[in-house]
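In the two complexes that follow, chain A is the common piece, with chain B as its partner first and chain C second.
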Partner chain A sequence: MDIKVLFLILVPLSTAFLIPLIDLINAKLRRFFVLLGILLESYLLVSIIINNFSELKKGDLFLQYHLGGWQPPLGINLVMDSLSLIFVVITALSLLLIVTYSIGYIGHHEGKYYVLYSLIAAASMGAILTADLFNIYVFIEMLTITSGALIGFKRSKEASAAAIKYLVYNILAGLLFFLAVLLIYFNLGTLNMADIALNFTTLSVQIKLFITAILLTSILIKMGIFPFIFWLPKSYDTAPSPVTAVLSGILSKVYLYIFIRIFWTVIGFKTLELLNLNSFLLNLALVSSLLGHIFALQSNNIKRLLAYSSIGHIGMIMAVIMLNSTAGFYGGILHIISHMFMKAGLFVSCGYLLQYTRSHAYRDFRGVGLKNRKVFIAFIILLLSMIGMPPLLGFASKWYVLIAFLEAQNYFGAFIVIFGSLTAVIYYLRYIAKGFEEAKLTDTELNEEIYSRPLLSVLYRGKIVSFISYTYTAIIILGGLSFRFLDLPLKISTLSVMNVEKYIELVLGG
Partner chain B sequence: MTGLLKKILIIVVLLFTTLALYLNFILMPEYQGLKTGVSNYIIQSALRDTGSLNLITAVLYDYRAFDSLGESTVIFGAVSGIVLILSRKMLPVSSKGLSFIVKRTLGIITPFIGLFGLYVISHGHLSPGGGFQGGVILAAISIIFSIVYGSAFDYRRYSPQKKTILETGGALTFLTIGLAGLFFEGAFLHNLNFLTAEPGTLLSAGSIPYINIGVGFKVGAGLAIIFYSMIQKTFEEDY
Partner chain C sequence: MTVLWQQFSASFIWQSYFPLLAGVGIILTLMTSLAAWKYFARNRVFYYLLTLLYLLSSTIVILTNNWFLFLFGWELVTLTTALMLAWSSWRLVRQYFIIQFFGSSILLLAALTAISFGYNKIGIINSNWLQLLLILGVAMKSGLFLFHFWLPPIHAEAPAPVSAILSGWVVKLGYIFLLKIIPITTGNKFLYLLGLLMIIYAGWQAFRSADLKIMLAYSTISQLGLIALAIGTGGRYAFAGAVLQIIGHGFAKTTLFISSGIWQQEYGSRIIYDFKNAVFRRPLTSAATLLSFLSLSGLVFTAGYNSKYLIKSAQIGDNFAGLLFFGLGLLSFLYSFRIIYWFFIKNQNYHNFKKNLLFKNNNYSYYFSDLAALLVGSLVLIIAAFWPEMPGDSLAFLAAKDFHLLIGLRDNLIYLVIVGYLLISQTGFIVQPRTQLSLENYLQSFLNFSYSISRKSIIFDTERIFESFFYRAIYNSAHKLYKFVYQDFTMQLLWIPIFLTIILFWQQLYALF
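Coming up: the complex of A and B.
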């Protein structure tokens, strides 16, 4: 019973509830209030790590909290093991960086924005920490509704269309997840994840197959793996930059965590092997990765290009996790961390770079690098990390992913890793070159620029925005130089994924 | 052309997914009865554990109260999102309302609607109903005001600020009762045992009636806010 695990969810939740009241008192206070909430969360996390450091080092960190005082099969419980811890830490760090960025970026409708942002923070923490299947569904719904509203933040025609598309796809996925939860409760009479994991093998093969199929469909839609990628580029493109950073930096990683949790802990990888789904999923993820990189080649819009590249990277992460080996998890989780910071950093610096341009299109990218040279250099460093340049974090993670593929003798996967890097060189170099091109505005273009609506209503406090871009770059550089410090957390989290029996025993016995 | 191609691709993918899921679905064995795991225990001992005659309310606000907190937060988030996307700074253009007969009739009926809503909320632990259902009935009052008397009347009586305070107050009530459970009983959202009375009376079942009241006001105010933002007239230059 560790109360701090509970407060990781309650702090952002109560922040969200209190913001409308604070709005009535003084509208300027809310920014600092949200920042305070996220800082308090970081403090809780640091104190959890310090208090349990010796257990953490041995790899048997296990904290749980029974809500309402009911024991596991009956009530809901929150569980934090090594895998949850590493996801919570990176999510909280991203949340802190993006909320600071939002203070500098969001100029209107701040009240509602911060309410929705705090709800996203609470929901992502809840989805990571909970050990109850229906509770995961509740938090997934919360994530979908709040992020769907934030995608329509600009209130233009395109933004509304993208938000509707996002909501249709993701609520469909949520309903499929709900159906799977219902079927599991119907057949097993329990919703606790450890309890389900214990009894899932007793079901008949047909029921197992249907439950696995609908769970897979829903989570693949949420992550954006190949047959269901259509909602992703549009919503990444039209959402404001901090929201896009949340979408690609936090939400897709939370869904990856849910994927790992459900298909390793709850359903079990052996069931996937029994149903002959493991190699199918591996190849599907690799094809998705390939298609993501190919679509990125033909894209003429920087934010769409980054969205397609996200599809490529998430497909690669899913494929390397599907290898079900220690090396695979090691590389996969390291790439989750590095992709989280690289992509969020890219979107964040995009938000700064694209403030003067008419649209996100390739032709409007001309001269961007000359106008704001420092941020553009940070942007280039992040792009190099995406490609996999040696001293940066992207290189380390891609290297471990490549090694995992070679170890499993999956040469198609190894080819995809190399292919992704090579195509990335082509499509990123185009934009770097365009950014350094001298912009000579003709009169007609100047007129267009004056009379066209600006993309951002205001970007006041530009210094905070550029500072966060530099911070992301610094994280990438420092992480690349010292990625060996991540060795211990990666090893213990890999251990806790593979050791399902221990998880079940601790949840039901403790 | 590419748009058409993309649409065809999407339709083909969705059809294939539907087909695959359907093929999996028909493989399922026939109905073999419900597995009674947790539900059996709840049916037998929920009254003893929680003091609530309505077992669904017992599950919603005691055994799985955290889920209900999450669900009501989903409504909170949806309200914030709809207000964010639809809200305009200008006052809405109000109609003059319906005829005199309708106005007088509803003037008589409306208090009873409110009474019925409060009844459903406060008897959530005794009879079917509860915070979510009663809240919707309460929201109907605000909707009736806007339709029958014109939205300006609704705005003067219950301005969006008042509704926001009600909604936030409801959410904070839920959270506060949860924290009270933490302080008095030792676990978040634990039922407050010192409030328990004889089962079947109005103020029994520990903290369940109070959570119901909080959720009811939150849902009612939230739905009223959603309705109010939707009827606001929008102008093209507002974008």
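Coming up: the complex of A and C.
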């Protein structure tokens, strides 16, 4: 019983509901209040790590909290093991960075923005920490609604269209997830994940197949794997930069975590193997990755390009996880970490670079690098990391992914990793060259540029914005130099994924 | 390291004609390096280093039966010869290298296929289509028909000693390789047909050219066609003929390209109509040129006659093949004697022969090294003419072969009469020299053709080719796929039930495979 686990969810949740009250006192206070909330959360995390450091080192960190004092098979409980710890840490770090960025970036309707942002923070923490299937569904719906509202935050026509498309897809996915939860409850009479995992093998094959199919469809929609990639680029493009950073940096990783949790812990990889779905999913993810990279080649919009490259990377991560080997999880989780920071950093610096351009289009990218030279260099470093240049974090993670594919003798996967890097060189170099092109604006273009600006024309605190871009770059460089320090957390989290029996025993016995 | 060395030394073939051919390659390289001594004023040391590397690697290519060493050696030959072209221009290096690189990638694919089919060493290959694949592999490098397009522009624009190397020996490496893989009993029909087309087409082009070096380049293709035809025929005598043709044509063409460099220095032009009083200006160079052209034409008592006779005698189906070879001989006679006509007969003044000879009015002075190179070439040509069995055992059976010199003499006389009549009546077939024969123009005309279909015009620019052509191609193909995948919103949503159905019926689908 550790109440701090509960507070990890409660702190952002209560921040969200206290913001309107703070607004009554003083509107300026609310920024500091949000920052305070996220800092408190970080403090909680640090104290959890320090208190349990010896267990953490041995790899048997296990904290849980029973809500209302009900014991596991009956009540809702929150569980933190090594895998959830690593996800919570990187999510909290990202949340901290992006909220700081938002303070500099968001200049209007701040109250609504921070309420929604804190709700996302709470929901993502909850989805990672909970050990109850219905609870996961609740948090997923929370994430969907809040992020849908944030995608439409600009209130332009395109933004609304993208938000509606996003909501249609994701609510359908939520519905399917809910159906699966219902089916599991009617068949097994329990919603606790460990209890389901214990009894899932007793079900007949038909029901297993149906539950698996529904869950797969819903989670693949959420992650953006091939047949369901259509909502992703549009919503990444039209959302404000910090929201895109949240969507790409946090939400997709939370859904990857849920994917791992459900298909390894709850349903079990053996079920997938029994249904012969494992190689199908592996190849589907690789095809999705291939398509993402190919679509990125034809994109004339920098944010959409980054979105397509996200599809490519998430497909690659899912494929390497589907190998179900230690090396696969090691590389996959390392790439989750590195992609989280690279992509969020790219969107964040994009928000700075695109502040004065008419649109996100390729032709308007001209001269961007000359106007904001320092941020553009940070942007280039992040791009190089995406390509996989040696001293950066992207290289280390791609290296381990490649090794995992080669170890499993999956040459299609290895080809996709190399292909992704090569195509990335082509489509990123084009934008880098355009960024250094001399811009010669005519009067009409200038007028158009001035009058066509949407609401977010001016950055209120530009220094904070550029500072966060540098921070992301620094994380990538330092991570690339010292990715060996990630060895221990990666190993213990890999161990906790592979060792399902221990999780079940600890949840039900403790 | 020792293992590598053992593999290296064990992989050489010391039987058959290959040691002989390697020796010929060494002598040819010696000739070109002698000729290069005065030709290249700048960076001479570097040129000789490249020549040494080229010599080593080409010898390895000829002698080895190891696939890896073969490919590696040939890549090295390509690299060194490409760099030698830099004395002319870097543009030429780039073009040559790209073309050869394309050729070597096909060859690499073909070799890998052969290895995967169990041919661990280079040797006789029995499967027909594998032979075809390997022939296509060497096609680009050895200028087989339809893949020869790069040869005339590059061989004509290269510096004279380098074009002597390229035309005399580098293009023949492919045929030496084919000698190793094509079974001697059966031959290869496809290669036979290709050779025939090459002889006729390139012979006609050689006949239709006014530029000496371009004419030499086309005649190279024509003579290479004869080698291809011989290998395609199959049989002991045809293979011996191919070997003799490789040797004889190697020496003749090397001598001719070296002398073409001298002629170019002497007259400041490569157009054959400009060569006046050649005999008086440079008697020794004229003699070597004459001898080499006679050998190319296949006159009796020259090296060219021996090989052509051997190849002719190996043909089966007498009447038609006899007629065909009569025509082919006439063609080579025609283009060789046309040059001889312009060099030595037309507009020449042979009065006061001795006085003019002693009067030196050279633009380009005599150098010992040039003369030595020409002398070596002519000497070997004369030796090869009267001693076709060559040193070594591989061709020893030719000593007993009757070369039917009388029939050859009869044919040659008929040729001489026809050719003499044609040349004098048409005053040497004057044609306009081709302007700007270069690969850029080929590419430009190809682009013009392909864009004329879409009614757009484009001006070819090497620098922008990446930007406008390469990237556009990638972009458009990616966009096509994008358009295909991105249908309207209902179709996108329809993926959800489709995907669900696929997963639900996956067991049945899986059982199908």
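Simple rule for what comes next: the second predicted complex is superposed on the first by the 507 of 510 C-alpha atoms of A that agree within 3 Å, B and C clash if a C-alpha of one lies under 4 Å from a C-alpha of the other, contacts with A are read in each partner's own complex, and residues count from 1 in each chain.
We adopt the following convention: a residue touches a chain if its C-beta (ideal position, glycine included) is under 8 Å from a C-beta of that chain, and two chains touch if they have at least 3 such contacts.
Please read these numbers as outputs of a predicted model, since none were measured by experiment.
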Could you tell me whether chain B and chain C fit or clash when both sit on chain A in the superposition?
clash
Taking the superposition on A as described, I'd like to know which of chain B and chain C A:F139 touches: first, second, both or neither.
first
According to the stated criteria, A:T217 is in contact with first (chain B), second (chain C), both, or neither; which is it?
both
Who does A:L297 touch here: chain B (first), chain C (second), both, or neither?
second
According to the stated criteria, A:L116 is in contact with first (chain B), second (chain C), both, or neither; which is it?
first
With the two structures laid over each other on chain A, which partner does A:P227 touch: chain B (first), chain C (second), both, or neither?
both
Name the chain, either chain B or chain C, that contacts more residues of chain A.
B
Check the residue A:L209 against both partner chains and state whether it touches chain B (first), chain C (second), both, or neither.
both
Is A:P73 touching the first partner chain B, the second partner chain C, both, or neither of them?
first
Touched partner set for A:A27, first chain B, second chain C, both or neither
neither
Given the touch rule stated above, what does A:L370 touch, chain B (first), chain C (second), both, or neither?
neither
Hey, which part of chain C ends up inside chain B in the overlay, 77-85, 419-427 or 491-499?
491-499
On chain A, the footprints of chain B and chain C overlap at residues 209-210, 213-214, 217, 227-228, 230
Any idea which chain C residues touch chain A in the complex?
471, 474-476, 478-479, 481-482, 485-486, 489, 492-493, 495-496, 498-500, 503-504, 506-507, 510
Sites on chain A touched by chain B in the complex
1, 3, 6, 10, 13-14, 16-18, 20-21, 24, 65-70, 73-76, 109, 112-113, 115-116, 119, 122, 126, 134-135, 138-139, 141-142, 145-146, 148-150, 152-153, 155-157, 160, 163, 186-191, 195, 204, 206-207, 209-210, 213-214, 217, 227-228, 230
Please output the residues of chain A touching chain C within their complex, sorted ascending.
165, 168-169, 172, 209-210, 212-214, 216-217, 220-221, 227-228, 230, 275-277, 280, 291, 294-295, 297-298, 426, 430
Considering only the defined contacts, which chain B positions touch chain A in the complex?
6, 10, 13, 16-17, 20-21, 24-25, 27-29, 34-42, 62-67, 69-71, 73-74, 76-78, 80-85, 87, 161, 164-165, 167-168, 171-172, 175, 181-182, 185-191, 239
